[in-house]
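Multiple structures are listed underneath, in C-alpha cells.
The two complexes that follow have chain A in common; it is paired with chain B in the first and with chain C in the second.
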Partner chain A sequence: MQLSKERVDAFLAELNQAVRVYVPARGEAVSSFARYGQGTEPAFDLVNTDMPPKDMLFPQTEKMYRYGLDDEGKPFVDATFDADEVVLFGVRPCDMRSIECMDDVFLTRGFIDEYYETRRQKLTTFALACTAPAPTCFCDSMGLNAGQAPAADVLLKDVGAAWQLAAQSEKGAALLGKYKGFFDESDVQDAGAKNSDSVSCTLKVDMDGVKEKLDQMFDHPLWEDITKKCLTCGTCTYVCPTCYCFDISQSNRMKIGERYRCWDSCMFSVYSEMAGGHNPRADKLSRVRQRFMHKLCFFEDRYGKSLCVGCGRCIQKCPVALDISCLIDDIGAAELAPVALAGEKGAGDGKH
Partner chain B sequence: MTDTAPSITREQTARVQTARVQTTRVHTALFAEVTQKLRLRAKELLESGEVVSVIGWEAGRFENQTTPAFITDANKVDRLIFNEYCANTLGKYVLSEKLDGKVAVCVRGCESRGINRMISDNQLKRSEVYLLGLPCPGMVESPEVSHASEPSHAPEASSKLLSKCAFCTHRQPVVFDEYLGTCEATDETLGGLIPKPIDPSERFSDVEELEALSLDERNAYFEKLYNNCIRCYACREVCPCCTCRECFVDQARAGWQGKQNNLEENRFYNLTRVFHIGDRCVECGECERVCPMELPLMKINRKMVKDLTTLFSVPEAGLDSETISPLNTYDVADLEEYL
Partner chain C sequence: MANTKTANSKAANIEIEHGCAREATVRQGLVPQLCTVKSISHETSDVMSLRISTFDGRRPFDCKPGQTAMVSLLPFGECMFCVSAQGEDYLEFTIKRVGYVTEQLHALSVGDTVGLRGPFGNWFPYESLKGRDVLFVGGGIGLAPLRSLITYMLDNRASYGRIDLVYSGSKPSDLVYLQDLQEAWPQQPNMHVHLSVYRESSDWDGAVAYTAPFLEGLGISATGKVAVLCGGPSLFRTCSASLEKMGFALEDIITTLEMRMKCGVGKCGRCNVGGKYICLDGPVFSMAELKTLPGSVH
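And now, the complex of A and B:
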C-alpha cells in the first residue's frame, strides 16, 4: 500500500479533522513535533527533531488533579484522566524505541501509570524509516535497525514519489482501512526510492560487554575524568527521548490547589535531595555516574534493554561536548581493578 | 502572543554574526604556533609542580569540534589544542579545579574577564590561578555536530562566527601571567583573519532594534522567548557570575521558583537571573551559546549593559578585579529621574 507524496497533505489534513496530528517541524530556533496545520510545515527531511516526541506521552508539566474546598466548604479531589486521540506522523525508529522504553517504565512491573496509559492508548504512531542517518546517529550500535520500527502502528518507507505503508498493529490497520481512499495498492519503486533496508550509521560504538563491565565500575576513576567537564545542567536529560525522571509538586491558591508533575533531571542536586536535607547524590560525580549507569547498565538490569537508543541528541546539544559515544569507548578501554576481576569471575561470559 | 511577534532566533543577536570567516595560512600558522607553546608551557608548569592541572581544550570525536580538557599528567599535554573551534569559555572551571591546588587555565578575552569577575566576587584568589593568555581571533560554529539532524547544512556554514564572538569587545585577554601569542597578535593584526571585534557605534544596534519595538511587540517577543525555555539551567551553570552557593531556584523550601514549565515560571527564572547578574555580566555570551533551545539570551543582558554604560557611564564588567560592581555602590549624583 502506498501514499503518494502529493497526497500526504490531503491525507494529513483529513486525519487532522478527526484527531490531533503531530509532525516533525522546524521552529524558529529548534525543531520538534508540532501540531499539523496552523501554518506548520512538516519537515520529513529532518533526520530527527531537536526535541524528542516524549512530551506527547509525558508532558514537561502535567496536571494530575485539583483539590481544595468547594463553595460549601466541603473538601474535594478531582483527578482527570483525559487525552485527545493523537497521531504521531513521521516519528523515527530511535524515537519509537524510546516509546518502548517508556512503556516499560510506566506500564509494566506491576504498576500502571494511569496518566501515561491514557495518553498511550490514544496514540497512533506512523514511523518513518531512516535512509540517511546523521553524523551523530548510532542507533545500529544500540541494537536498533534504522529501517525498522517494530513498535510503530504503521511503518513508512520512502519509495521515491510515494511512501510505502505497512500496518504493524491492529490499530494501524484499522486507521489505514478507514482512510484507504488516500492510498493505492501499487508496489512501484521509482528511481527516487531510498534504501532503508540496510542503513548503516557512520558513528559506531561497541556495546559488547559494556553493561557487564559497568557492573564492576561503580568506583572506577573514569567517572572522575568525565565529571570534570560536566556542567550538571539538564540539557542531556531534557533532549533525551528516554529520560523519564519527574517530580511531583503542587501550587496552592486560596482554597484550591493543583497537583502536577514535571520533568526533573538527575543532573540537578535538588532532584535527589530528601526531606530533612540529606542528599544521597550531593556531589557532581555521583550524579553524572548515575545518569550513564542508568542508561547503560541499571535499565538493562531491570528491563533487559539499554535506555540509550542512539539518537545522538545529547551529543548534538551538550554544551561541553560530553559525548556518550566517547564514554562508551572509554568504558570499553577501561582497565578493571584486578580485585574486581577476581571477585566477579566469569562476569564477561554470562551474557544473556 | 501573536504570529507577527518579532523573531527570537539567535541570528539577530548581532548582525555581524553572519560574516563569513576567511581562514588563511596566517590563521592556521597562528593556531599551530600557539598550540605548540601551550603544550610546552603546560608540560613545564605540571613538571615543576607549580600547578596541579591545566585547563584547555582537546579534540572532540568529530572534526571541527573541541571539548574542555583537564590535564594533570605532564605526559598528556599533547592532548591540548587551540583552534577556531574552541567555543567553550573555560574560566568557571577553575572554581572546582582549584580545590586540588593551583590551576593553570587558558584565557582569552572572555575567560580573563570571567576570572576578574570571580575574583571581584570573592570566589577566587588571583594567586590560585596561573593564566596562560591566548590571542583570540574569534571562534566559529561547528554545525556538523550542533545541527547534525539537518539533512543538508551548507558547507560554508561551518565558517560562521559564533554569535557570542560577534559582539565581543575584548578578544585579547585583559589579565594573564604570560602571553602565548606573538606580540603583534592584537585585534588589529588578527582582524584580517576573522572579522574585527564589533565597532563601538554598532555595538548595541540589535538592542536598539528591540527598544524601537512597541510595548506589545516587545512583550510578544519575550513571551515567545520564555515560552520556549525548557529550564535546563545550562545558562546558570555556565555563567561566571552565577556563583551563589545555593541558587534561588534550588531553595525548594522557600519555594521561590515553581517547577512547572510555563510562561510565568520561565519568565520568573530568566528575569530574576538577569537582575542577579545584570551589573556584573562580562558578556562572554556563554549562556546564549549553551542554550539547547537556541534562545537569544544575551539580548536582555546586553540591554542592561547598554543602560549601565549609557546612563551611568559604568565601565564594562570584568576588565579588572578591583572595580566594585555598580549595584554594590551608591552615589548621590546617580541619575534618578523618577525621584
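And now, the complex of A and C:
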C-alpha cells in the first residue's frame, strides 16, 4: 500500500480533522514534533528533531489533579483526566524504541501510571524508516535497525514519489482501512526510491560487554575524567528521548490549586537533596556517573534493555561535547584492575 | 563467631520481600485520598506524631510494618514517611520538622485535612522473624520506622522471642516515644530497652555514649538474633560495623533506607540505588543485599 507524496497533505489534513496530528517540523529555535496545520510545515527530511517526541506521552508539564475548597468550604481533590487521540506521523525508529523504554517505566513494575496509560492508548504511531542517518546517529550499534520500527503502528518507507505503508498493529490497520481512499495498492518503486533496508550508521560503538564491565566500574577513575568536563547543565536529559525523571510540585491560586509533574534532571543537585540537607549525590561525579550508569547499566538490570537508543541528540547538543559514544569507547578500553578512585588517571583515550 | 554461624544456620533464613515491584496491577498511585488529623502528640521540640483517619473514622488503608506512605499537605507539598504505627482507625506518622513541608505539617491541628497515598514499598520480614530474638538499633527519628515492627511484634507477642532495643539521642529531650521507652515497653514480657544519650545532662542518670560503643558494650549475644537498624548516615555506618563485629551475619542485619522521593511508585527516578528504587523495591533491605548495590554502603 502506498501514499503518494502529492497526497500526503490531503491525507494529514483529513486525519487532522478527527485526531490531533503531530509531524516533525522546524521551529524558530528548535525542531520538534508540532501540531499539523496552523502553519506547520512538515519537515520529513529532518533525521532527528532537536526535541524528542516524548512529550506526546509524558508532557514537559502535566497537570495531575486539582484540589482546594469547594463553595461550601469543603476540601476536594478532582483527578478527572483525559487525553486526545493523537497520531504521531513521521517518528523515527530510535524514537519508537524510546517509547518502548517509556512503556516499561510507566506501565510495568508494581504501578501503572494512569496518565501515561491514557495517552499511550490514544496514540497511533507512523514511523518513518531512516535512509540517511545523521553523523551523530548510532542506533544500529544499540541493537536497532534504522529501517525498522517494530513498535510502531504503521511503518513508512520512502519509495521515491510515494511512501510505502505497512500496518504493524491492529490499531494501524484499522486507521489505514478508515482512510483507504488516500492510498493505492501499487508496489512501484521509482528511481528516487531510497534504501531503508540496509541502512548503516557511520558512527559506531561496540556495546559488547559494556554493561558487564560497568557492573564493576562504579568506583572506576574513568568517571573523574568525564566529570571534569560536564557542566551539569541538564541539556542532555531534556533532549534525551528516554530520560523520564520527573518532579511533582504545585501551583496555587486563591482556594484552588493544581498539582503537576514536570521533567526533572538527575544532573541537578537538588534532584536528590533531602530535607535536612543530606544529599546522596551531592558531588558532580556521582550525578554524572548516575546518568550514564542509568543509561547503560541500571536500566538493563531493571528492564532488560539499554536506555540509550543511539539517537545522538545529547552528542549534538552538549555544550562541552561530552560524547556518550566516546564514553562507551572509553568503557570498552578501560582496565578493570582495582584502582582507588583517587589514584592514577583512568584508561580514557583522550577523546574527552 | 563460629558458634554464632552454627546457631544461626538452624534458624529459618530471613526473607525480605521485594516482589511488590514485580507485577503492574495497581493504578491510581499518584492521587491522594483526603483524610483528617485524628490526634497529635508532641514527642520532642521538633518531632511530633500525627494520627490520621478517613473522614468517617476508619484506617485510611492497610499496611505492613515498615511500609511507607506519602503525606500530602495541600497546598504545600508531599513527603514520604514510614508508617510508624497503625490502629483500628488510624495510621501514625512521626515527623521531624526539617524542611518546608514538615514545617507546615507541624502547624496542623486536630480535624485538619491532609492527603495520603500508599501504602508503598516492601516491609520488614515479620513472617520470617517469627520465633527469632530481635535486636533493634536506632537513633533519634530513626526509631519511627522501627516502631512499626516493634508494635506489631508486641501485638503478636507469642510469635517472637526476646526483644532488645538499643536507642540513643543527642540529649534526653531528643528521645522520641519517651513514654513507651521508659514505661510501656520495659514492662512488656521479655523486652529490654537500653537507652543512651550522647552528652551528659543534669536531667539524665542513664548511659552517656554514642550508639555504636554503647551497643558493643551491652554484651548482647548475636547467637540466634536478627538485628534491625535505622538511623542517620553516621549511626548506620558505625552501628552496622559494630553489629558485624558482634557476629551478626550480613543476612541477619536488616535496615530501612531513606531517599528523596516524589512519586513513591518507582517512576520519577530519584530514589534509586543502582538498579533498585528505594520506594518500590525497598525501603527494607538486608546488609547482604545492600553490599551488592553500587554506592549504597559508604
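The rule we apply is simple: the second predicted complex is superposed on the first by the 337 of 352 C-alpha atoms of A that agree within 3 Å, B and C clash if a C-alpha of one lies under 4 Å from a C-alpha of the other, contacts with A are read in each partner's own complex, and residues count from 1 in each chain.
Definition applied: a residue touches a chain if its C-beta (ideal position, glycine included) is under 8 Å from a C-beta of that chain, and two chains touch if they have at least 3 such contacts.
Quantities reported herein were computed from a predicted structural model and do not represent experimental measurements.
Asks: Clash or fit: how do chain B and chain C relate after the overlay on chain A?
Replies: fit
Asks: Check the residue A:61 against both partner chains and state whether it touches chain B (first), chain C (second), both, or neither.
Replies: Only chain B; A:61 stays clear of chain C.
Asks: Going by the contact rule set out at the top, does A:153 touch chain B (first), chain C (second), both, or neither?
Replies: neither
Asks: Contact-wise, after the overlay, does A:140 reach chain B, chain C, both or neither (first, second, both, neither)?
Replies: Neither chain B nor chain C is touched by A:140.
Asks: Give one of first, second, both or neither to describe whether A:273 is in contact with chain B, with chain C, with both, or with none.
Replies: both
Asks: So, A:95: does it touch chain B (first), chain C (second), both, or neither?
Replies: A:95 sits against neither chain B nor chain C.
Asks: Applying the touch criterion given at the start, work out whether A:249 contacts chain B, chain C, both or neither, answering first, second, both or neither.
Replies: The answer is both, since A:249 touches chain B and chain C.
Asks: Classify the contacts of A:212 with the two partner chains as first (chain B alone), second (chain C alone), both, or neither.
Replies: neither
Asks: In the superposed arrangement, does A:264 touch chain B (first), chain C (second), both or neither?
Replies: both
Asks: Compute the least Cα distance separating chain B from chain C in the superposition and give it as a whole number of Å.
Replies: Distance of closest C-alpha approach: 5 Å.
Asks: Indicate the residue numbers of chain A shared between its chain B interface and its chain C interface, in ascending order.
Replies: 247, 249, 264, 273
Asks: Can you list the chain B residues touching chain A in their complex?
Replies: Per the stated touch rule, the residues are 3, 7-10, 60-62, 65-68, 70, 88, 93, 96-97, 144-151, 224, 228, 230-234, 236-238, 250, 252, 258-262, 289-290, 292-295.
Asks: Give the list of chain C residues in touch with chain A in this complex.
Replies: It is residues 20-32, 34, 74-79, 96, 98-102, 113, 115, 232-233, 258-260, 262-263, 265-270, 272, 274-276, 280, 294-295 of chain C that touch chain A.
Asks: In the complex, go through chain A and note every residue touching chain C.
Replies: 64-65, 67-68, 75-77, 79, 105-115, 117, 218, 244-250, 252, 257, 261, 264, 266, 271-276, 278, 280, 286, 290, 293-294, 297-302
Asks: Once bound in the complex, which stretches of chain A touch chain B?
Replies: 27-31, 39, 45-51, 60-61, 132, 134-137, 203, 225, 228-229, 231-235, 237-239, 247, 249, 251, 260, 262-265, 268-270, 273, 284, 312, 315-317, 319-323, 325-326
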